[in-house]
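Notes follow once the structure below has been shown.
As written, the chains take the letters A, B, C and D, and residue 1 is the first residue of each chain.
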Amino acid sequence: MAVHNFVPDHYFTTIGSHPPVLRIADGDTVMTTTVDARGQDASGKAVTAPGNPMTGPFYVEGAQPGDTLVIRLEKLRPNRPQGWTRKILAANVVDPTYAQELPLTPDSQALAFWDVDVEEDTVTLSEPADTKLGRWSVPLAPMVGCFGVAPSQGQAISTATSGDYGGNMDYRGFTEGVTVYFPVAVEGALFHIGDGHAVQGDGEIVGTGVEISFDVQFTVQVLKGQKINWPRGENADYIFTVGNARPLEQCVQNATTEMVRWLQSDYGLEGLAAHILLGQAVEYDLGNIFDPAFTMVCKVPKRVLPKR
Amino acid sequence: MAVHNFVPDHYFTTIGSHPPVLRIADGDTVMTTTVDARGQDASGKAVTAPGNPMTGPFYVEGAQPGDTLVIRLEKLRPNRPQGWTRKILAANVVDPTYAQELPLTPDSQALAFWDVDVEEDTVTLSEPADTKLGRWSVPLAPMVGCFGVAPSQGQAISTATSGDYGGNMDYRGFTEGVTVYFPVAVEGALFHIGDGHAVQGDGEIVGTGVEISFDVQFTVQVLKGQKINWPRGENADYIFTVGNARPLEQCVQNATTEMVRWLQSDYGLEGLAAHILLGQAVEYDLGNIFDPAFTMVCKVPKRVLPKR
Amino acid sequence: MAVHNFVPDHYFTTIGSHPPVLRIADGDTVMTTTVDARGQDASGKAVTAPGNPMTGPFYVEGAQPGDTLVIRLEKLRPNRPQGWTRKILAANVVDPTYAQELPLTPDSQALAFWDVDVEEDTVTLSEPADTKLGRWSVPLAPMVGCFGVAPSQGQAISTATSGDYGGNMDYRGFTEGVTVYFPVAVEGALFHIGDGHAVQGDGEIVGTGVEISFDVQFTVQVLKGQKINWPRGENADYIFTVGNARPLEQCVQNATTEMVRWLQSDYGLEGLAAHILLGQAVEYDLGNIFDPAFTMVCKVPKRVLPKR
Amino acid sequence: MAVHNFVPDHYFTTIGSHPPVLRIADGDTVMTTTVDARGQDASGKAVTAPGNPMTGPFYVEGAQPGDTLVIRLEKLRPNRPQGWTRKILAANVVDPTYAQELPLTPDSQALAFWDVDVEEDTVTLSEPADTKLGRWSVPLAPMVGCFGVAPSQGQAISTATSGDYGGNMDYRGFTEGVTVYFPVAVEGALFHIGDGHAVQGDGEIVGTGVEISFDVQFTVQVLKGQKINWPRGENADYIFTVGNARPLEQCVQNATTEMVRWLQSDYGLEGLAAHILLGQAVEYDLGNIFDPAFTMVCKVPKRVLPKR
């Protein structure tokens, strides 16, 4: 149950079977940092190329294909006072005819900056606050946008997208205190993490949350021989499953099917009972609807679940 | 500002330019009843053919194409002690390969019955509760599944589906206390309402909520010359817009575009400010994902909205 | 086996249970005309409101729900020398980012005109031919864009869209010499026809073919008790089935499933054999990808079919 | 202009930045072989693991990111007398309710075998031909299912899927005599090829064509500084562009946008002229609709094209 204080010195913009940066044991805790989506660290300096650079991969001793890797997200904390966002709605989340009216702003001008105040728990548009929103402020709600384990077959897949191995899911439910489960596809699992957001709306519909570097702490656990098919998670109030695909209907299909399996394997329900329960108690959240693969989350409130 | 106590004696399973059952004035209130999705009334008797039969249409004096019809949902109350659901997940919300394993239960055997206790605020699986869920219970949360105004061009469209005129949206946010806005497409608006659910999970993924007859009360208002493109709504905490289409991506597009318009017309934001606000504060809910048209709802919390 | 020479004096822009314009017997032939998508007749005069006005409906004696209506398209002939098209690609058939670059031409300026020469079998951009295409010419290939029978439940549905009853399918395979099969949903079938195109690319991706008025001739036949689920067709070389829905995946699903049924009922194949045959011999065509419902066509070459 | 006779001794089931098996010059020709989708060679022996193993990658001297790699498919010839297919329609190409009726055959029993006669140009169900199709036969039509260049960012992506780099497109138009263009994303382009089919229906809707090993010959050419965004192709009658994505709508968007660019850059058309031409002359073909990414092909007949 070691605690590793890991200082990254290089990053990957694919999730894959890269040489591990650290080997850790089942039960270990890692304290480390992540850079923002453009590779900028706690000092605001670009230390690596942009595109959701990942800290890791971390090799977890004993993790084998067919196991489940448990990640407890113990700390997700912005470690600098300013983040940034894009400003224009993605063309694919508005009516095609409205998309024709979207401003064609050059990319470099398309950023907004935000003051992130961890003490006050606020995220506020920086000066000059030159839209009619002025110094508009929302509560701080840190979440991790992109994390997961190496995919199967030695694949290395861009951190722009996501799949059964996790990846760029941009789900605002991946917050401090949440436990996440990933299906292990390669030896050592090879866990990657990055792309912190100080806050984000559902869908990441401007293409970013408030992008910022993070201090992170997580603890790993290996569930031997427990095979899952898609990422799962758990917080104080819900269990949830994550479908990453395109289109959204397929995300719903992946996540719902995974939840049925979970209700059957861990909550003592036969298929029919799982169906009835979901029919009247399921909730869905929207993760990323901006990137090559989208994300939908299937949730069940713990208060309506049978005892595990 | 009359109050009409209307007792229906016939129903429609299409939403369209049918002869009105009642003419009411701008500002009037209607107290009436709805039958359940199979046409069964408060006594449990089938009084009309199944298929989401609608009470109405109500002709609202003064409503013209291009206006907005406001419906305040003042009462949505189950008026009998038992409802019913289907039990099996829809084939389109599970992985295609899992769909192959779904039980092919004859439709008549596929119903579950539920005790609906308005005093205790509970909905409970009726005896014999022969799955492992037993007498599983969830909180009562009445909502209206299908309502809206006559579509354009004299169309009459099945209450199985939905569109810009409303229809079978099955959104659990359409509860007592909510104000709903519909785009008027024909003279008199021709408002229809029915398909009450004692409770329902997101998506109506078994094809039903807990289907039941309702006592309903609503008040109408006409906003002259205020043109909207999709249904809108408002509750204590949120404003929201509703996209009804297939696939889900298009629902998101319709609802998001409608919200941008609303933020610009009523909240004093220029387009860019509306985009920035949505990017970091938007939420999406899933309505129906079972029927020919699906529903996604775009929400903004009132606490982050500029003053109207 | 009467031949009816029918001169229309009114048109409908919905397909539905309208009062029939003519009652005909099983086996009868109708010679009539259709106006173009904007309601312009053979003289180029607007005689009715725009929006794919339909000639009909024709009530076919003896046709009952559950039967199949056979339409032999014996003549589809432009009856004036000029047609028109829109010019700009639909926003939904190009990349969302490219959609932002589409010219926002006012609708009235967005038409191109075409000389339609039935003798020479050509369709040619009219003077002034002011793009770099000049007097670009393509072979004449007349087809009917929108036709079908009244949908179920007394519905009346806009001729902008399509469904299991037919409608605005814009499939370039609906040409002279083709036999089409529709599932009858109401007494008398109520056949509608209109929206002729002198030529059209796959998908109707600028929102129109070369829109023009037609002389048409068709012969009807009722197949009693032969229930089909989606439109079917047959030409010299192929049998085909038509799926009308959104998104395209669902069109494929509808059309493929209908083809499996057809191979089983009429070509003596068990399900497995139908699957094997389709796997190595199926072809798909794209109909409309512009309107609320899209169209995909599933085809099997007659040369690989078992004897009927 | 060397001719390389290359005998592969290992294969990859991802397309990526693997160590090249051969370095060739711009203009060189390669004669080699491919194994079938399960790794079986000309003798029918499994020489590598299944999953569309690729021959290559071939490093093409001088190819840089931003260039185009031209591949002339000069020979695609089955080199053994028997191929195999799956037999059951994919669950995602039939109606979800019909999917419930699909036979749940164990995978090992789900294969059909086919006699491939290169002299007679036929592909025929092998004995025992125990369905009602008997010894059903179709014309030989060899095509390559999966080929392309290494994707960007050092990614390595499963040969089950496809993207802008090519991959598992399963388009029956990739036949002998066709010229294909790929966007180069890494130095040397790193061309991979495999997954030959003796014949295949559109969509690869049973999950396979008639899978077989091939003798192949191709010649490479580098177009310096000519940047394309998606694969393109050309045969005697058509030019075409290929969109690989999910859902099909996005394939259409990718391919259509790429065709507009091509018409503008190489055929002297302004955007408006390209739109008008496509509107009345475009054709679409369906490639793969079975795998994680689907394929649609946008075609323009050469006879209607302006001179290049």
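In the analysis below, a contact is a pair of C-beta atoms (placed from the backbone, for glycine too) under 8 Å apart; a residue touches a chain by one contact, two chains touch by 3 or more.
Remember, predicted model here, so these are calculated numbers, not experimental data.
Engineer: When you check each chain against chain B and chain D, which touch both of them?
Structural biologist: A, C
Engineer: Measuring between Cα centroids, which chain is at the maximum distance from chain B?
Structural biologist: Farthest from chain B by mean C-alpha position: D.
Engineer: Could you put a whole-Å number on the gap between the CA centroids of chain A and chain B?
Structural biologist: Using C-alpha averages as centres, the distance is 32 Å.
Engineer: Measure off the straight-line distance from the CA centroid of chain A to the CA centroid of chain C, and report it in whole Å.
Structural biologist: Averaging C-alpha atoms per chain gives centres 47 Å apart.
Engineer: Where in chain A do residues touch two or more of the other chains?
Structural biologist: Residues 92, 96, 247 of chain A each touch two or more of the other chains.
Engineer: Considering only the defined contacts, which chain D positions touch chain B in the complex?
Structural biologist: Contacts found on chain D: 90-92, 96-97, 99-102, 104, 247.
Engineer: Along chain C, where are the residues that touch chain B in the complex?
Structural biologist: Touch residues, chain C against chain B: 13-14, 16, 51, 152-158, 245-247, 250, 292.
Engineer: Name, in rising order, each residue of chain C that touches chain D in their complex.
Structural biologist: Spelled out, the residues of chain C in touch with chain D are 85-89, 92-96, 98, 103, 112, 123, 125, 131-133, 136, 138, 199-206, 208-210, 247-249, 252-254, 256-257, 260, 268-273, 275-286, 289, 304, 306.
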